[in-house]
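Naming follows writing order (A, B, C and D), and every chain is counted from residue 1.
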Amino acid sequence: MSPLAFYPLAFVCIASAMGVVLSRNPVRSALSLVASLFCLAVFYVFLQAHLVAALQIIVYAGAVMVLFLFVITLLNLESDRGLGEKPVLSAIGFGAGAIVAGGLIAALSRTSLGARAVTLVPTFGTTKVLARQLFGDYLVAFELTSMLLLVAVVGAVVLAKRDGSYEGDEQEAAVPARSEEASH
Amino acid sequence: MHAAATEVTASLPIAVSYLRYIPLAPLVGVLFHVALGYRLGRRAVGLVACAAVAVSFALAAKAFLTVLGSAAGTVVTDNVYQWLSSGEFTANVTFSVDALSSVMIMVVTGVGFLIHLYSIGYMAHEEDYARFFAYLNLFTAAMLVLVLADNLPLMFVGWEGVGLCSYLLIGFWYTDPEKASAGKKAFLVNRIGDAGFVLGAFTIFWALVDLGQGSLTFATINARAAELPAWASLAGALLLFVGATGKSAQIPLYVWLPDAMAGPTPVSALIHAATMVTAGVYMVARLHGLFEAAPAALQVVGIVGAATALLAATIGIAQTDIKKVLAYSTVSQLGYMFLALGVGAYGAGIFHVMTHAFFKALLFLGAGSVIHGLHDEQDIRRMGGVAQKMPITHATFALGVLAIAGVPGLSGFFSKDEILASAYAGGHFGLWICGVLGASITAFYMTRLYVLTFRGKFRGDHHKWDHAHESPIQMTLPLMVLAALAVVGGYVGVPEVLGGNNAFAEYLAPSVGHHQLGLAAGTELMLMGISVAAALTGIGLAWVMYSKGPDADLILKNKLGGLYQQMREAYNIDAVYDALVVQPLMRASDALWHSVDVRVIDGVANGTAAAVNSAGEGWRRWSTGNVQHYMLTVLVGVAALILALTLSSLIGVAG
Amino acid sequence: MIGTVHYLALSAVLFSIGAVGAVVRRNVIIIFMSIELMLNAANLAFVAGSNSLGSMNGQSIVFFVMTVAAAEAAVGLAVILALFRNRQTVAADEIALLKW
Amino acid sequence: MTQAINSGLPLIVACSWALLLIVVEMFSGDRRFVGVAWMGVIGLAVTAAMSVHYASVPAVYGNALALDGYAVYFNLLACTLGAAAMLLSIDYLGDAGIVRGEYYSLMFFAVIGVVIMAAATDLIVMFIGLETMSMAVYVLAGIRKSDLRSNEAALKYFLLGALASALLLYGVALLYTITGSTVLADVSKALSDTQHAGADHLVLLLATGLVLIGFGFKIAAVPFHLWAPDVYEGAPTTVTAFMATAVKAGGFAALMRTVLVALAPMRAELAPVLWGAAAVTMTLGNVVALRQTSLKRMLAYSSIAHTGYLLVGVTAGTNEAGSSVLFYLAAYGAMNIGAFGVMAALARRGRGCEKISDFSGLAQTHPAMACAMALFMLSLTGIPPLGGFVGKLYVFTAAMHAGLVWLVVIAALNSVVSAAYYLGVVRTMYFDNAPADVLPPARPYAAVVVAVAAVVTILLGVAPSPVLGSAARAFSKVLLG
């Protein structure tokens, strides 16, 4: 990838990532994240990961982020005051973040990775090879992931669904009493 | 050193399988009390409790007679099963009885039986009868495990078990928060000692494994102690001795014992005078090989013992609670035992363990009888003339006082004299002086106790006097038996210079070696004379002073000034410990809890102004349980790790 | 020429931004999105690594990470929803019944 | 091929059984879900039995899973703890206002997650196992939906857990980029390769650090422990029991395999980090526990302290230490399931049973429960001859062998401090007076679990050899070379 393409794209990617953190409005944060994910998809293409790039857009930027946006609008969230409220906490957070980034980059820049010279086989990154691997070496992981998704679905349903159909009003009635108790 | 210990005879094992029932019998008693005690009533509980200990006593006697009747060095062992094993070490549940432990089991089961019997009367009006006897039986079982164990880990089971039972029994009257907290103090101080015990055991074990020896039996440790590296035997012995100071109430961990008197009196007699507190002495004697391999540690033992003997005796002078006087006297007498161990006279130490068990149990039970008869009066200033009302208690108690004071012909005289003679013979002149001084003071305060309690006129409220009565037979019978033992118990160890043959020391020799005094007969008699004179001086002085009543304390107060007040307040050691140990720990807990978990995070997160304000209440407002702060901690943790690793690596490369 | 190190550096920057976002914002949904950003940074590292090694394993792993992220999103949003129902708030610092 | 399938059978059966549970729950008319709970227990028993049966099959499932002794040990442990937690939950759930039968299938899945974590030989599979477990436990923590505390516990656990997962994953990504693999053995091989000695060393260290932090979170090591007290307190007691035991076991299973296998070549650098983490974790846990008034929070800090003791074993890293950690986890599991079990057995809606003072005079009103609780407290303190004592003895001896003298000294002093707060509970139960409104009688299922836990705690102390032997065998083949 040529620097001319990399740096502008990296800039957009980082800027939109910063947008996630800095936007006061949650919807804008979510959209910034989508933008950032798009940029990543472009990088994936350049890194010969075509299927991954496609999935990134379809699954991630598409399905997952839509879910986020849906919940944000469902909860009708207002903007908050962003970073303004807790300057010290924010300052420490950014300081620590800078150290993490700096340390990682310093460490990465010293590695032998730059000297690695691998000629990629022509089939590298093709769906066929990826599929073979997924259903070969990674078959166990693949099956386990399906179970993970099932757990997540069951769990999400358990938490998100109201208990009304089971218990009726008794449950709901208990809520105010408890919150009162808790406020003491 | 003039004295030299002869070689310990190699052991001749006899395998049996009845030893396991010695601790098991009281344990069965515990199960009985817990499961059926409340249903079957008091009589059954008392009967079973005593019967269980009686069974133990009978079996213990069998083992004792076997050892006595066999060749020197005979060890009766009962290997139950392999308890712990890993690649490098094993520990079995193996009980063994040699000369040393046979004396201990006889004392524990014998005196224990008498105290169980006494408790039937003493606790007759107690609501939780079954629970009390369950604890008492459990204690007996644990103590027997401690004494019968043939290896360190198994001994530790008993060691912790007796501590736990002591805790439960001190706090037995749980309605009284002060008593419960006394129990907690006892347990915590003991735990500090236990940490020493564990670390010591680890040290020795580790050094032994280095020698290719994976066994922690006492026989192995004693046999190979000389091969251990010097630091290992020294550190191991000292750490184990820390454990002993906890259990046996020596400086600096003696503070729990006086408080432990909050428990029922039979408990004070059994646990805090006759048996458990001697566990430390027993342990050191058991591991004499190790302590001999580290002479410096042995020296520490002797010095700590002598210092404790003297310090506790001075506190005893100024106490007014009958049980407190006896408690400090126990601490002081235990000091004598350690003094004996410290000069290498293990036999003399164990001899004193035995005689002390007789007369101190007697004194405690006598005191209990007085307290019982006077309806829970414990202050000797409000007693006096009790002899008229309680003739048996009075007579037996008087014998106990004479025995502990070291009057010739009674048991305490023989054992204490042997200790002092050994100290002198070993060239430990300072220790000897401490011992003689302590003996004199002991005679003084014990006479004071006796005179104020039994002589003169009653000084308390006349209702109590009118209702005062002699205790029932279950209580006086043990007193009489113990009084007899306190008188004759010493005759098993009459020294040669008085025409005896020191049979007790001979009997113990295979276990702990024979300590030869190597003194001229004249010197020995002279030493004896000095200690008798010291004792008689103490007795006479106290008799003259306190015949006029407790106001004689004022004379001492005037003479000693501020020191007397300090003695009465036990030198305020508790306050010192509180300030030095307890408070800092509590503060640390608060600080860590608030600072690491609440304060620092919140303080940092909410601005430096807050960090400056260290007032506790100020922080509460910010301590929110806020998940953001938790996340921040994680991030700061990550950043710190990355920074540290990166910097150290970069510097490493640059260097 | 842009090499693996550049991609990894970019991923480190994204990772750190995500970490900062997770700490400094009080809206739990934004915190959660920041964590998603961190997962994506890891994905970029996997893909870049895969490319530099000439081995497809990294790409397969990304596949799983995406699934995990999707599952996390489902559960996480459900948790937030359940909380919102009772508390009417998504501000991290207002949710502090449990403390000390 | 057949062998490979055989060795995977326990897992396949377990997954199918969990699916079946969901279906059965849907059609279950019984709102106490007793049948579902029992089905879950039976399923766990079957899983455990099958894993033992197929343990002799040496096959490794691809490079992903190994049904070696280590995995089987954790399989048994997790299934037992899971079954105990399920039995505790019967009747507790309805009383706590939890009317979701999915509870049991989620717990089943969480156990499967633990099993995968222990069996995984590939970091990615381990990660998936960890996520499966975590996902189920996030939901379980928040399953008492009407309770604000439960909501909050779920949220805190989730947010911090997700953050920790991200850190772990990034560490794995860096490891993969440098070493070219996520398979534990291959990572180890690549790390010991000299080509990574110089330039790549720092990145590898950082990656290792991130991985450790990820696992450190799951086992609640300081300073990544902050979630534990809040989450333990807010989650339903039965879930807390599960988290304190099975989840922690899973965390240690993964941590140990990763540190002692994949990261073995970096042991020299990791040792000081682990040393410090162990010392700080046990000290902070114990000292802070001293001042807690809530039993659940106290047990949370106690569990942090025990993480510290266990880390002592991990730091030592020898065969002996590894097997002692396995044993300790079993003993720790028994006593903690028991302690939380007592709380769950007595808790009733509207009548909290979470403060230490709620147990005042328990010895008078519930002598058996009080006796069991005292037993667990004493075992946690390390009083012989109970399981906790033998566990500590083994861990500390092994550490002493490995030369960690000072760490053992710190640990021994810590265990002195810990006596104070464990004993506080015993004192409250035995020496304080019962309040006028006595706690209700213990629930039968929970009482049985508590009784079994008590017996196991005693047996592990009195006759530890069988478990110790299997722990030693389980660990014997884990270390490479």
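A few remarks follow.
Note that in this section contacts are C-beta pairs under 8 Å (C-beta built on N, C-alpha and C of every residue); 3 or more make two chains touch, one makes a residue touch a chain.
Quick caveat, the model's predicted, so the values are computed rather than measured.
Interface comparison, A-C versus B-C: the pair with the greater number of contacting C-beta pairs is A-C. With centres taken as mean CA coordinates, the chain nearest to the overall protein centre is D. Centroids built from CA atoms put chain C at 4 Å from chain A. For the pair chain B and chain C, the distance between mean C-alpha positions equals 61 Å. Rounded to whole angstrom, the centroid-to-centroid distance between chain C and chain D, based on C-alpha atoms, equals 26 Å. Our note on geometry: chain A versus chain D, Cα centroid distance of 28 Å, whole angstroms. Multi-chain contact residues of chain C, defined as those touching 2 or more other chains: 4, 8, 15, 18-20, 22-23, 26, 31-32, 43, 48, 52-53, 57, 64, 68, 71-72, 75, 78-80, 82, 86, 92, 95-100.
Annotation for chain B: residues touching 2 or more other chains are 593, 597, 625, 627-629, 631-632, 635, 638, 642, 645-646, 649-650. Within chain D, contacts with two or more other chains are made by residues 124, 128, 131, 135, 138-139, 142, 145-146, 148-149, 154-156, 159, 163, 167, 177-178, 202, 205-206, 229-230. A complete topology is adopted by the chain contact network, contact being made between every pair of chains. Taken in their complex, chain C has these residues touching chain B: 19-20, 22-23, 26, 31, 92-93, 95-100.
Contacts from chain A toward chain C in the complex involve residues 1-3, 6, 10, 13-14, 17-18, 20-21, 26, 29-30, 33, 36-37, 40, 43-44, 47-49, 51-52, 55-56, 59-60, 63-64, 67-68, 71-72, 74-75, 77, 80, 82-83, 85-86, 89-90, 93-94, 96-98, 100-101, 104-105, 108-109, 111, 113-114, 116, 118-121, 124-125, 129-130, 133-134, 137-138, 141-142, 145, 148-149, 151-153, 155-160, 175, 179, 182. Looking at the complex, you find that chain A touches chain D at residues 103-104, 106-108, 110-113, 137-141, 144-145, 147-148, 150-152, 154-159, 163, 166-167, 171-172, 174-175, 178-179, 182.
The touching residues of chain C, when paired with chain D in their complex, are 4, 8, 11, 15, 18-19, 22, 28, 31-32, 35, 38-39, 41-43, 45-46, 48-49, 52-53, 55, 57-58, 61, 64-65, 68, 71-72, 75-76, 78-80, 82-83, 85-87, 92, 95-100. Partner chain C is touched in their complex by these residues of chain B: 593, 597-598, 623-628, 631-632, 635, 638.
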